[in-house]
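Both of the next two complexes hold subunit A, though its partner changes from subunit B to subunit C.
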Partner chain A sequence: MEEILKISKLSVEYRSGDTVAKAVNGLNMTLYKGQAMGLVGESGAGKTTTALSVMGLLPDKIGYVTGGDIEYKGQSLLKMKEKELNTIRGGKISMVFANPLSSLNPVFTVGHQITMVLRQHRHMTEKEAHAEAAKFLKMVGIPEYRMEDYPHQFSGGMRQRVGIAAALVCSPEILIADEPTTALDVTIQAQILELMKDLQKTMDSSLLMITHNLGIIAELCQTVAIMYGGEIVEYGSVREVFENPMHWYTIGLLNAVPKLTGKRERLASIPGNVANAQMLPEGCKFHPRCGYCTKTCRTKQPEMICVNENHYVQCWERGGKAETKRPAKGGNQ
Partner chain B sequence: MTEIKKENIIQSGATGQSTQKPLLRVEHLKEYFKIPGKGYLHAVDDITMEIMPNETLGLVGESGCGKSTVGNVLMRLLKPTGGKIFYEDKDVTKPSKKENLELTKKTQMVFQDPYSSLNPRKPIRSILSEPFKINKTAEGRELDDKVRKLAERVGLEPYVLDQYPHELDGGKRQMVGIARALAMQPKFIVCDEPVSALDVSVQATIINLLIDMQKEMGLSYLFISHDLSVVRHISDRVAVMYLGQIVEIAPTDTIFSNTLHPYSIALLSAVPKIDFEEQENRIVLTGDVPSPMNPKPGCRFAPRCWMACEECKNKDQELTQVEPGHFVACSRWKESREMELKLEREPANGGQNEPIL
Partner chain C sequence: MLKKILRRLALTLIVLVGVTIIAFALVRLAPGDPAVQMLPATATQEQIDNMRTRMGLDQSYVVQYFMYIGNLLKGDLGYSFHFNMDCGPLILSRLVNTAKITVIGVIIALIISIPLGLVAGIKRGSALDTCATAFALCGQAMSPVWLCLLMILIFSVGLKWLPTQGVGSWKNMVMPSLCVGFAFCSLVTRMLRSSMIDVLQEEYITATRARGVSKFQVYVKYAFKNAILPIVTISGAQLGILLCGSMVIEQIFNWPGLGQLTVTAISSRDFQLVQSILLIVAVIMVVCNLIVDILYTFIDKRISFN
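Moving on to the complex of A and B:
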């Protein structure tokens, strides 16, 4: 498979006055062509920061990439000039944001905002762009006559579909979706998910799906990366990771979610709080919340271990004895 | 709408306390909002339901279906347009000032957003002292003592009392919200999406806390949420709402294993599932929820329903009992189950927009 996006040892900091928050710490990740990958974690894990770094949209004079590289088809996005980046951003790599109300410009019509993307990247005439935009809006279920409407005239679900249409209109090779359905109802969410599934198939684009909803990952993605404290702590095929989770954080997450079938048991919550990016612990970042933490965990940074070819985990306790302890799959048994 | 007979409800009481009277009863509750120049918005349109002591009733539905309005009316934050509310068999639809104060002690609310429901200018100690001060039940050292015990009860460390809301994370703030609601030893709490703003691991903590408090204090909850797996986890009975009406109400296990109303079936099928064995073909409803402005007669779900016939579009549907404790407002419920199995992936027709796939 062709590597399309490669993030290596990426570190990102947010600086404000004297405080430094280490949001992403040496993150490695590779996205292949046509692949849908899920990025899961609690708020503050660094998911959105990773996405913003790829897009070159980190807040100016606050967010800094302090190390590592992001390569799109072998070209470093970080070393690229703003002008060059603008030819890729929105055209080859595009992003759907979590909140559709704040990511659309309230003073321009929806039609104008989508045609602008086409005129910028595909150098279309106004007429061509209009026709192309109408085609994409129709695909997401919005009739052509609504192109003259402003964002506030749409419902939440429709606004998000506009955001998706705008992101897809140039047939991007990589689509980054940052919690695209959290603001939406389940029925609208189902519409959007089906839409993304279909579009990904027909356009053979790669998808990076950021969410904390494990169900969405299970339905939409082939691979999943679990993020904690700005690192990927477990990575593998969705089936492998969800059915045989290795990292204690992943197990905690899976056990904390109430299920739709099976016996209703007391939920297992993960003790403590999400790692504070301003004061990251030594060693494994998860160790203060982990019930299986050893001496090594407290002092030394664990490395990614291969469980099998479809499954990698970053955990001292799991290292070497991967097969001995199969964690109970919570809630379902 | 048919009168829900009490014996039916009692049979359905998943709590098994069949001899008890309902703690809260709502009859033909209506809440209309007047929109100048447009008419009336039917937020809640003829709802009849009961909540038993020590029971959790889950209320699910899409945004805009009137879930929160029901909660707000029950908390007397809105005056109902029509219908009656009974608390322990006493009509409390139009309470006097004194009655209102008494009721406030017995019925409380936990809000969705723990960021906006706590006063940012007050330390937690002061927020938690308020209920005792308003009801003049404690002062001085006794007050301090009670506040500390209250915080301890929900699992807040004592140092939190001297912090301000902005210093706490979402989970801790929601614990403060719950503690405040518990201060006057209420019997009934409306939980309006109490966990939807929280991360999964924190969500689990708050759900466990709510369940523990219910066991400890014998509380009843009206648990409003759009997250079906959370509702299934916490509720004894579940009511599904669509455009201001209850379309299906049944004990939790029944409604999840023998779903009958087409809307409930679609809602359930829309939830992304973690277990690969459960993943099935999904019924994707087209369009958005229609406007609740001046609704036309007939089943409200008919425009989005794949089973709708002419009769559905013209005749109001009544909530009828199809098995003990299981009420459905659909005249074609017998067919819905079979049709769901046959449906596979043919998109549902109708709706206000064009089919999207």
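Moving on to the complex of A and C:
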């Protein structure tokens, strides 16, 4: 499989005055062509920061990439000039935002917000862009006559469809979806997910699905990366990770999913709060909340170990038990 | 759209009727007898009574009011006893003078403040932003009296470039225009800066950049159209106020505008003139607000017009 996006040892900080928040800490991740990968974690785990780093859209003078690299087809996105980056953003790599109510410009028609992508990347004339945009809107279930309408004339679900159309209109190779259904109600969520699944398949784009909803991952993705404290703690095929979770954080997450069958129990939750990016703990970032914490966990950062070729985990406690096999070179760490 | 505008105009008419009542009442409530003002101090009671009859002051207030309205409908704004001419042409000529300095001042102000506010908002925290903020603060804090005198001191007394007062050449208009525009300029700079800062934090701006649109285009096209909304409101209201004439600035530069006319009319107790000026001022304000409302619906479709 062809590597399309490779993030290696990425570190991102947010600085404001004297406070520094380490949002992403040495994150490694590889996305292959046509693959759908889920990125899961609690709020504050650094998922959106990772996405914004890939897009080169970290907030000015607040967000800084302090280390590592992001490569798109072997080219470093971080070293790229703004102008070059603009040919990739929206054209090769595009993003669907979490809140459809705030991610469309209120004073431009939805038609304009889609045609602007085409005019930017395909250098189409107004007329051509209009026709192409209409085609895509139809694809997401919005009739052409609504192109002259403004975002406020659409419902939340419809707006997210517009957002998806704008993201896919140039057939990007990578689609980053940052919690695209969080702001929508449950029935609409299913529709939007179905739509994304179909479009991703027909366009053969790679998908990076950011969510905290494990159901969405199971539905949409082949691989999943569990994120905690700005790093990936467990990675593997969805089947492997969900059926045989190794990291105690993943186990906690899976236990927190309410079940429809079996005895009624109190909802399980992971004790404590998500790691504070301003005061990250030493050693394993999860150790203050982990019930199986050992002495090593408190002092030393664990390394990613290979459980089997479809499953990697970063945990001292598992490191002792699982067969410790270094991942093959070039593979996911 | 046209229907909505017409409906709005009808509402405006009601406002104007209210204004005529208030203008009429205020002038009548003011102490002093206009007839006495008109005549020399030695006038007899008989002469005063005659004058009152001529001016219609012997009638009841209700009759006086309807006489006033009747004249208005005929297009007669009354007669100025002080200037010895009809109020209509008098006010119009003064309004034109005020409009001259206002329009020039406002255009200069917008030319300076829009780019300044825009860049200050984009480059928040930079040296240029600090300068722009300081400028805006000065403009808002400075009293126009002081500013006018300062300018006269520099440009007329010191450099001897510009005349201190009067009308005639373009040189006479420079200082009044700048004084009129200065406060407006700083107001727009400050508003646009903060409005731009707010808009740039919106998610739709990040989303627009995520579509590969260049920073410049995002700022100038996509953010600006959102940031300009509060500026339109403020500009409309300010333009109305400025068109009614700055009493201080026009008085200092002896500029024969509406502001100066208002001062003269009040101090000479020229009641018909005061009444008519009040009405014209109200019309200007109402029209400016109407224009703002119409403009608004074009820029932001979320605002429906009713």
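Quick notes
Definition applied: the second predicted complex is superposed on the first by the 319 of 333 C-alpha atoms of A that agree within 3 Å, B and C clash if a C-alpha of one lies under 4 Å from a C-alpha of the other, contacts with A are read in each partner's own complex, and residues count from 1 in each chain.
Just so it is clear, contacts are C-beta pairs under 8 Å (C-beta built on N, C-alpha and C of every residue); 3 or more make two chains touch, one makes a residue touch a chain.
Since the model is a prediction, treat every value here as computed from it, not as a measurement.
Aligning the two structures on subunit A places subunit B and subunit C next to each other without any clash. Once chain A of one complex is fitted onto chain A of the other, the partner contacts of A:191 are limited to subunit B, with no touch recorded for subunit C. When both complexes are overlaid on chain A, the residue A:121 reaches subunit C alone and has no touch with subunit B. In the superposition on chain A, contact is made by A:267 with subunit B only, not with subunit C. By the touch criterion defined above, A:89 lies against subunit C but remains apart from subunit B after alignment on the C-alpha atoms of chain A.
In the superposition on chain A, contact of A:64 is made with neither subunit B nor subunit C. Once the two complexes are laid over each other on the shared chain, residue contacts for A:150 go to subunit C alone; subunit B is not touched.
Of the two partner chains placed by superposition, only subunit C is touched by A:99; subunit B is not.
More residues of subunit A lie in touch with B than with the remaining chain of the pair subunit B and subunit C.
When the shared chain is aligned, subunit C comes close enough to touch A:108, but subunit B does not.
Taking the Cα centre of subunit A as vertex, the centres of subunit B and subunit C in the superposed model span 80°, given to the nearest 10. In this overlay, which is a superposition and not a single complex, subunit B and subunit C have their closest Cα atoms 13 Å apart. On the side of subunit C, the complex with subunit A involves touching residues 125, 202-215, 222, 225-226, 299-302. Note for the complex: subunit B touches subunit A at residues 62-63, 169, 199-205, 207-208, 211, 226, 228-230, 232-234, 256, 266-276, 278-279, 282, 284-289, 353-357.
Within the complex formed with subunit C, the subunit A residues making contact are 52, 55, 57, 61, 82-83, 86-91, 94-95, 97, 99, 102-108, 113, 116-117, 120-121, 150, 152, 163, 166.
Those residues of subunit A that touch subunit B in the complex are listed here as 42-43, 138-143, 155-158, 185-191, 193-195, 198, 212-216, 218-220, 239, 242-243, 252-261, 264, 266-270, 273-274, 332.
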